[in-house]
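Here the chain labels run A, B and C in written order, and each chain numbers its own residues starting at 1.
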Amino acid sequence: MLPKISRESLLEQCRRMFVIRHFEESLVPLHDQGVFGGHYHLYIGQEATGVPAISCLRADDYLFTTHRNHGHLLARGAEPKKLFAEILGRADGLNKGKGGSFHSVAPALGFLHSSGVVAGIIPLSTGTAYAAKAQKNGRITVCLFGDGSLEEGAAPEAFNLASLYKLPVLFLCENNGKYGAGRAAAAAQSSTMAAYPLTDLPKAYKIPAQQIDGMDAGLVHATISDAVEKIRRGEGPQFIEAQTVRYPGSETNWPTVPRPTDTALAWDVGSVPEKAREWYRSCDPLLIFIRELVEAKQATQEEVAGIERQVKTDIAAAVEFAVNSPYPKPQEAERDFFAQS
Amino acid sequence: MRELAYYEAKFEALDEIMAADQRVHLINGTFLSLSPHRHVFQNLKQKYGERIVAPPISELGFCGLATGAAMAGLRPIVDLSTGSFIYEAWPQVANEAANAFSMSGGQTRVPVVFHLFHGLRGGGAAQHSGSPQGMLWNCPGLEIAIPSSPRDVKGLLKSAVASDNPTIFVDHTRLLDIRGEVPENDKPIPFGVADIKRTGRDVTVVATSYTVQVALGAAATLAQEGIEVEVVDPRTLVPFDLATILKSVEKTHRVVIADETHQSCGVAAEIAARISESGFDKLTAPIRRVSTLDVPVPYSPPLEAHIGPSEERISNAVRATLA
Amino acid sequence: MVSRNDKTSELLEVFRRMWLIRAFEEKASLLYAERQIAGLLHLSIGQEAVAVGACSLLRKNDYVFGAHRSHGHAIACGADIDKLMAELAGRATGYCGGKGGSMHIVAKETGFVTATGVVGGTIPLALGAAFAAKERKNGQLAVVFFGDGAGQAGAFHESLNIASLWKLPAIFVCENNGYAEFTPLSAHTKVERLAQHAETYGIVASTVDGNDLFAVRQVMARAIKKCRNNKGPVFVECLTHRMRGHYEGDPAKYRELSQLAEWKKQDPIVRVERALRKKKLATSQELEAIEAEARALVEKAAEFALTSPLPAAEEIVRDVMT
């Protein structure tokens, strides 16, 4: 279902989902051409979690994200050209090229730190929440992480602290392994996580927890708004597991794009290679969102295609900007690892 | 001048810091280890109870909490108590806190202080006697302060909290009862400024933490033999004041480095490398290291005493440089 | 309750072990006050029923891992108290030649693999022993003792997850004495029973009165059977109380005196004594003789320890690596 928000906001959410999608799809050829190195992770398939969830936040709230951070930053309004430049290691990047894909941050948007260490941010998120509570500034922290993080001891340690000190933090676990390996048996989450459902882990600490369909933008929006409100009222931490189906392009070691997205795919997936077709037909949250927009007569197919055309143009310009941005001077490597007071 | 015990100076600092800055929170511990003076911590608790928390035994969790709180504008001081316990929190200290400012291209500041007691403490055995500062010096992004006197602990703690960088505050339980001059209204001691704890013309002994006190003992003995030792205390490892040490070497031409980290890749090894790189022409004898022997710290008292940088080992090393 | 399966001779042996632990630790406390023992000394007085109840049912080739409060576990496994006391006193004749001390005791020949100075430190190690045991398919298992404070350590959770996933023959014995170092459990977590965490990971868990030797033995017997039949792991939470502070010299101001008096009534040794007498399995004289014998053995152990030589300095470089 669609989020219960104005038409204007719906179209803006649609636009942001397109930004994420085309941003990520543009990265793959750049990497394959050797324009940037290192590992990277796509947010494709999770747009209907990130975009509506992040839209529920206040401008001054804190967010923490992981190695799969591009979508979160873009959903929050980071400039694609600066994010591209960062991933390409350029001087104009969000972090002047020192962070790269793993560590892109945007403190002005509330992203203080992204960690490439699985579960690295979960203890940190209790810290900003602790600070906000001490400073009584009403800010909350949203900690975005994947299901694999729950296998690290850092996660339960942080849940315990958040529960004990009633910290204003939302643990938003994006489980992109719905129908994934090992799941069918239902006795365990996966071959590497014995707990099932995952929400049992936070519940043991008396943290209210629920499992939702992360491909349903309306459900995500409603659930997160409600959780955020409770947290802001001082009720302590909340845990939400948003389930999505892994993007077929993310199943390989290095990301691929089985079929570049365009609006028309929402109604006809015939052009998608057969192996990936089912995902595009029933699990692609962006295509679901588009169909719902049109069915609910919030936009015509042509209007949606128009939004997409503009996004594609913007993304192409952003790539152009990043590719032409200079690399930082080698001496920069010796700067900025200590703050000067 | 006014004289205070080390622990009193430390608590005066904590008290003044907490009174002056509402952003300072104490996460865990007593800052006095299990010393008999633990009661003084109660005074702080009464005054600033709201800003003092006693978390569960979750070093990984609460060091992350403190780091995140620092990112969000607080100035937490975390007490890891026993230095070895920082290994439980390694991912958050070495991989998050140390890197955040650089990875963000100079945007995310992490003004957190990780306080710990390092070193041989009497029966700590292998798991409660660690001196992790050598390993931490290998993590760019962390400042490391390592006081040796009542005046220094107060002044350095103030600078540690004022710093916008993650700082490791390396303390030693054997210092707690040492007495020394601490002027009232003393200024914070800036990082990166070494202190000459005793002047002498014959041999420079660079020492850190409690080993400064041991070295001063050795210097007194050696003075009776007519050997005048200059004891230089760098006071912070990061930033490191090489200039003061080189100036001393210019005078003495001989160096002994006494420090409680294990010898290999330890603090003494790094200091020796820096002196020989920049001051080789000033030396007339090889630099000697007096470090903790490269063995896990044994429990039994005579074994523990044997491996540490004792007065005797320091004196022998000094004599050897003159031979 | 004494069960039908308990043989009298076995029960008396178990009772003897409990007294041996109690007498050993009371003596260690005195020696610590006399500064014959250095460092920190953590005593398990009041928790003997857990150690003895659990270990009395094990085979010699099972693996037992302790924590920092583990003299009792080693003695329950059958450790030589002479060597144990010598280790506490840092002597060359100690179990580790004086290199380990109270927190790092080892009594390999009894199956007691190691203690640790790190809260939760041995839990992953026990996982490894269980893994090795499972590979051997000979019914061996691993038991790890830890306190409620370890429940907040990440390693504890990682271990529960892996043990459950791989069905390892491991028995997690949590001695919930209500205090993690100096603070009550409620200040450390909102979780009342640590067994809840085990259940989260799909591990069979139970909570028992840890001061009731017979209850501990009953639960442990079931757990051991499960593990030997390759149906592990099992989690056993024993609610108990340490009658001393966190370490010797801890003024323990955080506890109520009345609480302590209540727990003294629940003294596990007193309870076994009562049960044995009630069932007429032993006379008062016999029971008193057991205590006296334990105290005499401990005196002898202390004598042995204090007359043993301290290790020589050359020992330092030995045994750093194989």
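Quick notes
Note that contacts are C-beta pairs under 8 Å (C-beta built on N, C-alpha and C of every residue); 3 or more make two chains touch, one makes a residue touch a chain.
Computed from a predicted model, the values in this text were never measured in an experiment.
Taking the mean of each chain's C-alpha atoms as its centre, the chain lying closest to the overall protein C-alpha centroid is B. By number of C-beta pairs in contact, A-B leads when A-B and B-C are compared. Put simply, the C-alpha centre of chain A and that of chain C have 47 angstrom between them. Averaged C-alpha coordinates put the centre of chain A at 42 Å from the centre of chain B.
Our note on geometry: chain B versus chain C, Cα centroid distance of 37 Å, whole angstroms. Along chain C, residues 152-154, 187-189 each make contact with two or more other chains. The set of chain B residues touching two or more other chains comprises 55-56, 58, 60-61.
In chain A, the positions touching at least two other chains are 153-154, 157, 160, 164. Residues of chain B touching chain A in their complex: 25, 51, 53, 55-56, 58, 60-74, 76, 91-92, 95-96, 99-109, 111, 140-141, 143, 162-165. Remark: chain A residues 151-157, 160, 163-164, 187-188, 191-196, 200-201, 203-206 touch chain C in the complex.
Taken in their complex, chain C has these residues touching chain A: 152-158, 160-161, 164-165, 187-191, 196-197, 200-203. Taken in their complex, chain C has these residues touching chain B: 37-40, 90-92, 94, 96-101, 103-104, 116-121, 149-150, 152-154, 180-181, 183, 187-189, 247, 249, 310-313, 315-317, 320. Chain B makes touch with chain C in their complex at residues 34, 54-58, 60-61, 84-85, 88, 122-128, 293-296, 298-303, 306-307.
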